[in-house]
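Structures follow.
Below, subunit A partners subunit B and then partners subunit C, in two separate complexes.
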Partner chain A sequence: MVKFVKVLPIAAKIGTVTIRYPYAKPIVTDSFRGAIEVDPSKCTGCGACTRICPPKALSLNIEGGTAILRYFVGRCIFCGMCADICPEKAIKITKEFELASEQVSDLYIDVEHEVVTCRKCGSKFVTSKLLNKVEQKLSEFSKELLSLCPRCRRVEMLSKQVYLR
Partner chain B sequence: MGREVNPESVLGISVRRFVMVNKCIGCYTCEEVCKFLNDEQQFIKLYEIESGLSKPISCFHCVKAPCVTVCPTNALIVDRDGAVVTRVTRCIGCTSCIIACPFGIPDLLPVGHVVKCDLCSKLRSEGLEPGCIAVCPTNAILWGKPEDITRMLREKTLLKLVEAYRR
Partner chain C sequence: MEIQRQVPVEIFSRKDLEKALQRIKKSIWVFHLNTGSCNGCDIEIIDVLTPWFDVERFGIKLVASPRHADVVLLTGPITIKTFPRLVKALRAVPRPRLVLAIGSCAVGGNIWFNSYATLGGFPNVIDKLNELGIVIDKIVYVPGCPARPEAIIYGVAVMLGLVEQKTRYKKVKA
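Moving on, here comes the complex of A and B:
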C-alpha cells in the first residue's frame, strides 16, 4: 500500500501517457515494421522475394502476357526478409499497420511486368526487365541465344556442336 | 573424319570442360552416375537432338563465366581448379545466372536456390576425377585449362588420322 502511494507524485508529474487513438497519431518506434511497398520502377520481377517470403505473401505468376508480382497483405508477417533480399532494393518496409479492409481486393497489391517469349518453344521464361538488366551486365553476349529459354538454349547448343562436323 | 575443333570457336567462349560430341555414344552413363552422386539431380543431361540421337550437356565452367559476372550476391565463384561452383547459402534465387548462361545451365530448385554442376567438388577434394569424366566409356569428356583441352582435342584428331592411314 505504501509502495503504491509513492507512484502518485510520479504519475502527477508525467500526466497521461495513453493517446486518443484512433484520433491521435499512434506512436511507432524506428524499428517498427509494417506492410511492405514494392517500387514498380525498381523491381525487375526476378522473384527472389517470393522465394524467401516465409508465409508466401508474395507470389510471381505469369498470366497471359504479363508477369504479376502479387503482395497479399493478409498473409504478411512483417518480417522484412523480402526487403533484405531484394537485389534491386525495390522493397521498402513502411510503418503502415492499419491494414484492415472490408474489400478483400484491398489486401492485394500487384506489380506487373512484360514477359519475353522463347522464340523456339514459345514459353514465357523471363521478364523483359530482368533480361535487359542481365544483357547490360554482359557486354559480349549473343542476342540470338538470349531470346531462347534455358531448355532451348541447351538443345540449340548441342545441335550446333553436333552439326558442325 | 572430324575436323579439329577449338571449343571457343563453337561455343563463342573459352571453357574448362568440354564434351566431344562426336566421340560420345549417347550411353547415358554420365547422367546416371551424376544422379547417383548428387541425390537424383542431373547436372549432366542428355537431350534428343534428332530421333535416336541424344547428346549430353552440362556446365562448361567458362573462364569468364557470364553467370559469375551477373550474380548479385557472389554466390557463384570460381574454385581453385577453375570450376564454377554455387555457394547455396548465399544464393537468393534471383535467376540472373540462369538468364545469363548462354547454355541455360543453372537450375532453380523449388526451395528457392540455384544448383549446377560443381565438377564433383567432393571427389576432387579427395584427389579423384569428377564422376562423369571417370566413367565415360569413350573418354568423351575433357576438363582442364582451355589450352589443355585444345591440345587434347588436337592429339585425339591426329591419332585418328594416323589410325585411318594405317588401315
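Moving on, here comes the complex of A and C:
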C-alpha cells in the first residue's frame, strides 16, 4: 500500500503518456520498413527478388500466356532485401503498415508480364522485357540463339559443333 | 492430445448472429492465444494493452479465459503440437466467434509456410476447423512481422466495421 503511494507523485509529474492513435499520426521513423511496392514500368520479371526473399512472399510463375510476379503481403517479413537486390530498382519500400483485411485474397498484388515462346519447342521460358534487355547488352551475341529456350539452345550449340568437325 | 469430434449444434440462426455481431461495436473482450509464435507478436499485443496505447479507452479488455472472450488474438503459424489446443480453445469461445490473426505467421505462415512442423497459418486451418464443427464467423488478417501496435488497433477497427479496409487485390500489367 505504501509502495503504491510512491507512484502517485511520479504519475502526476509525467502526466498522460497515451498517444491518440486514430486521431494523431503514428510515430514512423525514416528507417521504418513497411509493405513493398513494385513499379510495373521498371520491373523486367527477372526473378532476382523471388530468390532472395526469405519467406518466399514474392513468387514468379509462368501460367498460361503470362508470367505473374505475385507479392503476398501476408507472408512478407519486411526485411527489404528485395529492394536491395533488384537490378532495375523497381521495388520501393513504403511506410504502409495498416494492411488489415478480411479476405486473404485481398493481400495479393500481381504484376503481369508478357512471355516469349521458344522458336523450336514452343515452351514459354522468359519475359519479353528481360529478353529485350539482354539483347541490348549482348549486341555481338547471335539473335537467333536468344529466341531459343535454354534446353533447345544447348542442343543447337552442340549440333553446330558436331557439324563443324 | 486427442481432438474430440463434435457435431455442431446450430442453436443460432443467421439472423441472431448478425444481430449479435452488430451489438459488439464496442467493449470487446479479447483472449490471447499463442500457437507457436516467436513472442514478437505477443510483445506487440502487450504493447497495445500498456498505457502508451491504452486500448481500454476503446473498451478492449484482455481476459484470461476463452469462455469470456469475443475475439481471439491468434499469433503464430499453428504448429502441429498446438493444433489440438487451438481446437479446444476455439470451441470454448461463444458465438459469434471472431478471430484476429496477428502477424505474418498467422496470416501466411512466414518462413515456416512449408515446414513439416507447422500447418502454415490460419487460412490453411479453417477447413479443418469447419470439419470439426467449429464455425468462425469473422476473421481479420493483420500482416506484419511483428505487427505494429497501431496495426493491431486498426485490425480491430476493421473487424468491428468502424473503418474500411485499405488493401485490395491488384493486378497490374508491366
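Quick notes on this one:
The rule we apply is simple: the second predicted complex is superposed on the first by the 145 of 165 C-alpha atoms of A that agree within 3 Å, B and C clash if a C-alpha of one lies under 4 Å from a C-alpha of the other, contacts with A are read in each partner's own complex, and residues count from 1 in each chain.
Heads up, the rule we're going with is that a contact is a pair of C-beta atoms (placed from the backbone, for glycine too) under 8 Å apart; a residue touches a chain by one contact, two chains touch by 3 or more.
Quick caveat: nothing in here was measured; it's all calculated off a predicted structure.
Applying the stated contact rule after C-alpha superposition, one finds that A:31 touches neither subunit B nor subunit C. When both complexes are overlaid on chain A, the residue A:100 reaches subunit C alone and has no touch with subunit B.
Subunit A has more of its residues touched by C than by the other of subunit B and subunit C. After overlaying the two complexes on the shared chain, residue contacts for A:155 are found with subunit B alone; subunit C is out of touch.
Of the two partner chains placed by the overlay, only subunit C lies in contact with A:72; subunit B stays clear of it. When both complexes are overlaid on chain A, the residue A:41 reaches subunit C alone and has no touch with subunit B. On subunit A, the surface touched by subunit B in one complex and the surface touched by subunit C in the other have no residue in common.
Across the complex, subunit B is touched by residues 46-48, 51-52, 85, 87, 126, 130-131, 133-134, 137-138, 141-142, 145, 148-155, 157-162, 164-165 of subunit A. Within the complex, the subunit C residues that touch subunit A are 51-54, 57, 104, 107-111, 113, 121, 123, 138-145, 147-148, 150-151, 153-155, 157-159, 165-174. Chain contact summary for the complex, subunit A toward subunit C: residues 17-19, 21-22, 26, 35, 40-41, 43-45, 54-57, 69, 72-78, 96-102, 104-114, 127, 129. Contacts from subunit B toward subunit A in the complex involve residues 2-3, 5, 10-12, 19, 21-22, 45, 47, 49, 53, 55, 57, 66, 69-70, 72-73, 92-96, 98-105, 111-113.
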